[in-house]
Amino acid sequence: MFFASDNSGPVPPQVIDALSRANAGHVSGYGADALSLSVADRLRDLFEAPQAAVYLVPTGTAANVLALALLCPPYGTVFASPVAHIHEDECNAPEFFTGGAKLTLVPGSDRMTPDALRAAIEGEQNRGVHGPKRGPVSITQVTERGNVYSMNELHALTAVAQEYGLPVHLDGARFANAAVKLGVSPAQMSWKAGVDICVFGGTKNGLMGVEAVLIFDPARAEEFEYRRKRGAILFSKHRYLAAQMDAYLTRDLWKDLAHQANARCDQIIQGMKGLGVSVLNDTHANMVFFDAARSVHRALHDAGVAYNIWGALDGDPQQQIMGRLVCDWSLEPAQVSAFLDHLDKAV
Amino acid sequence: MFFASDNSGPVPPQVIDALSRANAGHVSGYGADALSLSVADRLRDLFEAPQAAVYLVPTGTAANVLALALLCPPYGTVFASPVAHIHEDECNAPEFFTGGAKLTLVPGSDRMTPDALRAAIEGEQNRGVHGPKRGPVSITQVTERGNVYSMNELHALTAVAQEYGLPVHLDGARFANAAVKLGVSPAQMSWKAGVDICVFGGTKNGLMGVEAVLIFDPARAEEFEYRRKRGAILFSKHRYLAAQMDAYLTRDLWKDLAHQANARCDQIIQGMKGLGVSVLNDTHANMVFFDAARSVHRALHDAGVAYNIWGALDGDPQQQIMGRLVCDWSLEPAQVSAFLDHLDKAV
Amino acid sequence: MFFASDNSGPVPPQVIDALSRANAGHVSGYGADALSLSVADRLRDLFEAPQAAVYLVPTGTAANVLALALLCPPYGTVFASPVAHIHEDECNAPEFFTGGAKLTLVPGSDRMTPDALRAAIEGEQNRGVHGPKRGPVSITQVTERGNVYSMNELHALTAVAQEYGLPVHLDGARFANAAVKLGVSPAQMSWKAGVDICVFGGTKNGLMGVEAVLIFDPARAEEFEYRRKRGAILFSKHRYLAAQMDAYLTRDLWKDLAHQANARCDQIIQGMKGLGVSVLNDTHANMVFFDAARSVHRALHDAGVAYNIWGALDGDPQQQIMGRLVCDWSLEPAQVSAFLDHLDKAV
Amino acid sequence: MFFASDNSGPVPPQVIDALSRANAGHVSGYGADALSLSVADRLRDLFEAPQAAVYLVPTGTAANVLALALLCPPYGTVFASPVAHIHEDECNAPEFFTGGAKLTLVPGSDRMTPDALRAAIEGEQNRGVHGPKRGPVSITQVTERGNVYSMNELHALTAVAQEYGLPVHLDGARFANAAVKLGVSPAQMSWKAGVDICVFGGTKNGLMGVEAVLIFDPARAEEFEYRRKRGAILFSKHRYLAAQMDAYLTRDLWKDLAHQANARCDQIIQGMKGLGVSVLNDTHANMVFFDAARSVHRALHDAGVAYNIWGALDGDPQQQIMGRLVCDWSLEPAQVSAFLDHLDKAV
């Protein structure tokens, strides 16, 4: 039972098949092959953005930090949640790729509120060149604590950014899970909601390692291309990135995979509610954050359930500790049921 | 007939098979899975370097610039050939990853000589802090102009580096082609020859996008790991890099692929000699550089032969222009024969 | 009446005299002149650190960020107060000079406590390469909110750093004011208290623009010299930096200037207490932070008193707003008395 | 007799006087004081550029690299002479401040020719994102080998830049010496000649350490201000930079100082011609490059003449070695005569 991460499961057979099919003959490198060009068109279609510049990169961090490098000068600051992936999980990559920009953490936890965002932006205004210049607002959807911003919440955040003339980056490592949860289109959850550069994640939703970056202002395309190459991230055999994304877009595979992951998450939440376990994220897509006594975590761990906890397994058995369960597309309902049985015994 | 690059052909079926086999169940991310650990051990065995720190990255540029970042401070300079990939084809990635180091181009063309290298090193000595501090020597094997340093030549270059206490980086994007050509072991062509960090390329020799970095001083391991993550290059689903490298190492596939590519190159050279075409690289592995009249290039181009030339197809038809033919593992002898027929007609 | 900053007053005549005296004949550049060498020796004597590497730079930011660049790798993080000058007033210069390191803000306000520092360090431990590597602890003495760490407090902070093997940077822009206040020697307040690199500020205490950097481990000297030059901060006519510092050290001018500034601050505090004004910093050297109704600030402003407030002059007249008064060495007791008279009328 | 550098002599008394006069009362910091504002206006007047953004920085390297950072993206390249100060004498500061840009050295020696510049620019065009993007052309006037570009030569170079849409940086560390030599105005030698950002040097011509940066497109002002602060180069007590520049501009002191230095240089050249010594720079301002036997250099050295030679004093006494004599404003005609007497005896 593996709930540690959505990067731990296998990829669906369609992805392997697409790689096999793409593996024939000689083609141009660096994204100039027919399949890569076609996939870019398909992404523009999906996002209803015929002018967008569209690129594939192999990691979510690469997608995020290249986007931030376009939006934030080295003397600027990025407004982000204190638990944002770009702050907590990318080892200074945003600082590196922007050339030394800062992150201004918006007070609060996980989800940013418009008021807190405005206060953070105001807080960076008074020092002239002594402080950084205000840069982009970075929003994560699904958030790192498993919440999904509603469309109203998303619009409210981007409205604050627009009020100050600041661009918006969307970290969509779990874009599919959020879009499926909200029942909205990619366009609705990106440029129609005020997003300037959107990361459309594939890796956490069933690909081996591909993320799309959608830059809705094509004037930024050239800079992206230079920065991607300089960032050592441009694939020579680009068709193998394109093939994965092609499979992802075919017959809405990306939605199906997200549906499956989200459904397993629903199953967990229902089970936990029945067991009286305290679920922490009030909205959710494919992740469950919950509090439980250390003894419960210990019992689950001993039963072979893999997931993250915020603390050590050793210590006061009554202490409440936060745990995180992540469902990937490949989990079976039976695996979730087995987990819930273990949880039932543990609580 | 595609001789434009060794990144243009397909991967061998063993690589697809390995990806399929690795695609089962949940495993840990970021290189902590059993397959990734096992592949690192296999690389250490292959290089007879039980203590080496070994990493997989997806591009040759990533491998090179992470290595240089370990070996060169931001106020240093890297000694390299004026046609080195790190100078001509990585869009300032070495400058980026080192934090702003400089490249000092060793006068000459393509192959560095010990005397030219020594002169370049001496040239950076007199200005104290006004000039950069002397940093690593970077050697490319096979060179960018298709030559293979002999073992004596390699030792002579690293001896100069050692004389000045400078570390050595080996850009081995075509390591396999060179090792097979020379008939030497990976250890002989790396640490036994005075190399500190070696890039063992896979992408140009049949993988989708995997290079191994071998750091023979394991004290540098932690820094590499942080820099790789910060460079946005750490794969979460690392097993798919490992699977490719695993196939590459199994039953010496890496050697077989290089043999095939080198044999096609030999076939071209033999053919060209028979036709009186002027081959420019006196040693060779899987690349042929040759001079021919523009009219010849034009005729080949019109016949559908894809390769690079150093100039434009339009202009004085008698002017001699350099062309480059690169053979990848997948080329068939019949394709080379067909090319030679076209060449015969053209000259 | 100018209390806006200690960078606003004139320099004492001794500094002008020293510049005049140094202005004779031809001398070597870049710090190799006799005066520069002699000043370095005097600083080593003052700090009882015969082996220390000692350098002069023109700004406090330069001193801080060069020090941090020596102590923190680009993939590291610096532990600092949320109001530290390096965070709030150096426009990403620490991020720039370290090559992209992060600042981890120690929760609290102004003064760091050992417990909060330990918690912040612990908080950066669990994510491996996903988060930054733990880097130096940066302590500001006098703090940005006008407090002076006691020697016990200083030792307690550096003990936490040592517990985790982390180096310590001391931002001593107001080192003199603190040392005079505490009655301790430079050695006591730096290396004897566990500081690895100390900034001994001159600019805020009467020099035109000179700070000394004392690096107690001379093995770091070469790196500093390269980084200073590369940072565009190495003065060719170095004697004019040295002359200022020479005057500063002669007959303990640095102490006298700090005494004068601190005494004016004492005078203000005494006056405020008599008037029932709420002073915010419980210890102090040459700065007073106080709360007062906006109407009071308005009245002082209208009377021509220059100082900073944390908010706007327009708004609810009853609202309490924080103000900051900084005393430089050149303020006269009569000027402070005049200020207190205005304050008396205003409250 | 000191001919080693124009950073070795004293400053004229006017500069000390200006510092003394400026040293009164409290003023705003960071360039907001009346003197600083007035000096900026005077510089705009001098350059006949009422809209220009004008800044003072303490070192020539700072002036150059901040200018380059405005003109060159991190993925770009700067076209410069192989002996340019930015390449040979700034220890990777251009690479640092641009965030990792490269320098493309224009083949030749010292002076760039339009043809060589065009060839270098063309050479960076064919590799797309694999090579750097073409960035600014950097011209040094007076050159590092002591030559002065004629106005025709200057126009010819900037015309090539304009042809390719590239901006132009002028390293004018010895701007005054060149302008006086050519008898042209600052406007003629900068924006009227196609220069986008001009460094107007003061340090090598009699100031303690002040250079002006003139940015003729004021839209770049904000970026400069942020980059200067982030570069740790913004002076808090800015009046002391301004006072020096104010003295420099008053009654054309900058011209007088350059005249004096250039006249001493003329005196040397005349003397050398009489002695049959081979002068290498065919035009000149305040520097003489000459070839002489090692025995001559040895004799001058033993006589106490300080200057730079390109080689060691020990070795074959007949070997010709290049020497450099630099005249600063403070040299007396008698000192030059004494030098020529020594030279006479030595040859």
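A, B, C and D label the chains in the order they appear, each numbered from 1.
Following the convention adopted for this analysis, a contact is a pair of C-beta atoms (placed from the backbone, for glycine too) under 8 Å apart; a residue touches a chain by one contact, two chains touch by 3 or more.
Because the structure is predicted, anything quoted here is derived from the model rather than measured.
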Exercise for review: Indicate whether more than half of the residue numbers at the chain A-chain B interface occur in both copies; give same if so and different if not.
Suggested key: same
Revision key, fill the gap. Matching interface for A-D, options B-C, A-B or C-D, criterion over half of contact pairs identical, gives B-C
Review point. Quick one: which chain's Cα centre is the longest way from chain B's?
Key: C
Check your understanding: Where the centres are mean C-alpha positions, what is the separation of chain B from chain C, in Å?
Key -> 50
Review point. Rounded to the nearest whole Å, what is the centre-to-centre distance of chain A and chain B, using the mean of the C-alpha atoms as each centre?
Key: 34
Exercise for review: Compute the distance, rounded to whole Å, between the mean C-alpha positions of chain B and chain D.
Suggested key: 41
Exercise for review: Please list all residues of chain C that touch 2 or more other chains.
Suggested key: 74-75, 90-92, 96, 99-100, 129-130, 132, 226, 229-230, 234
Review point. Taking the complex as given, what residues does chain C use to touch chain A?
Key: 74-77, 88-92, 95-96, 99-103, 127, 129-132
Point to revise | Residue ranges of chain D in contact with chain A within the complex | key: 73-75, 99-100, 129-130, 133, 222-223, 225-230, 234
Study note, to complete from the structure: In the complex, chain B touches chain A at residues 2, 4-5, 7-11, 16, 19-20, 23-29, 58-62, 65-66, 90-93, 96-97, 203-204, 208-209, 226, 229-237, 240, 306, 328, 330
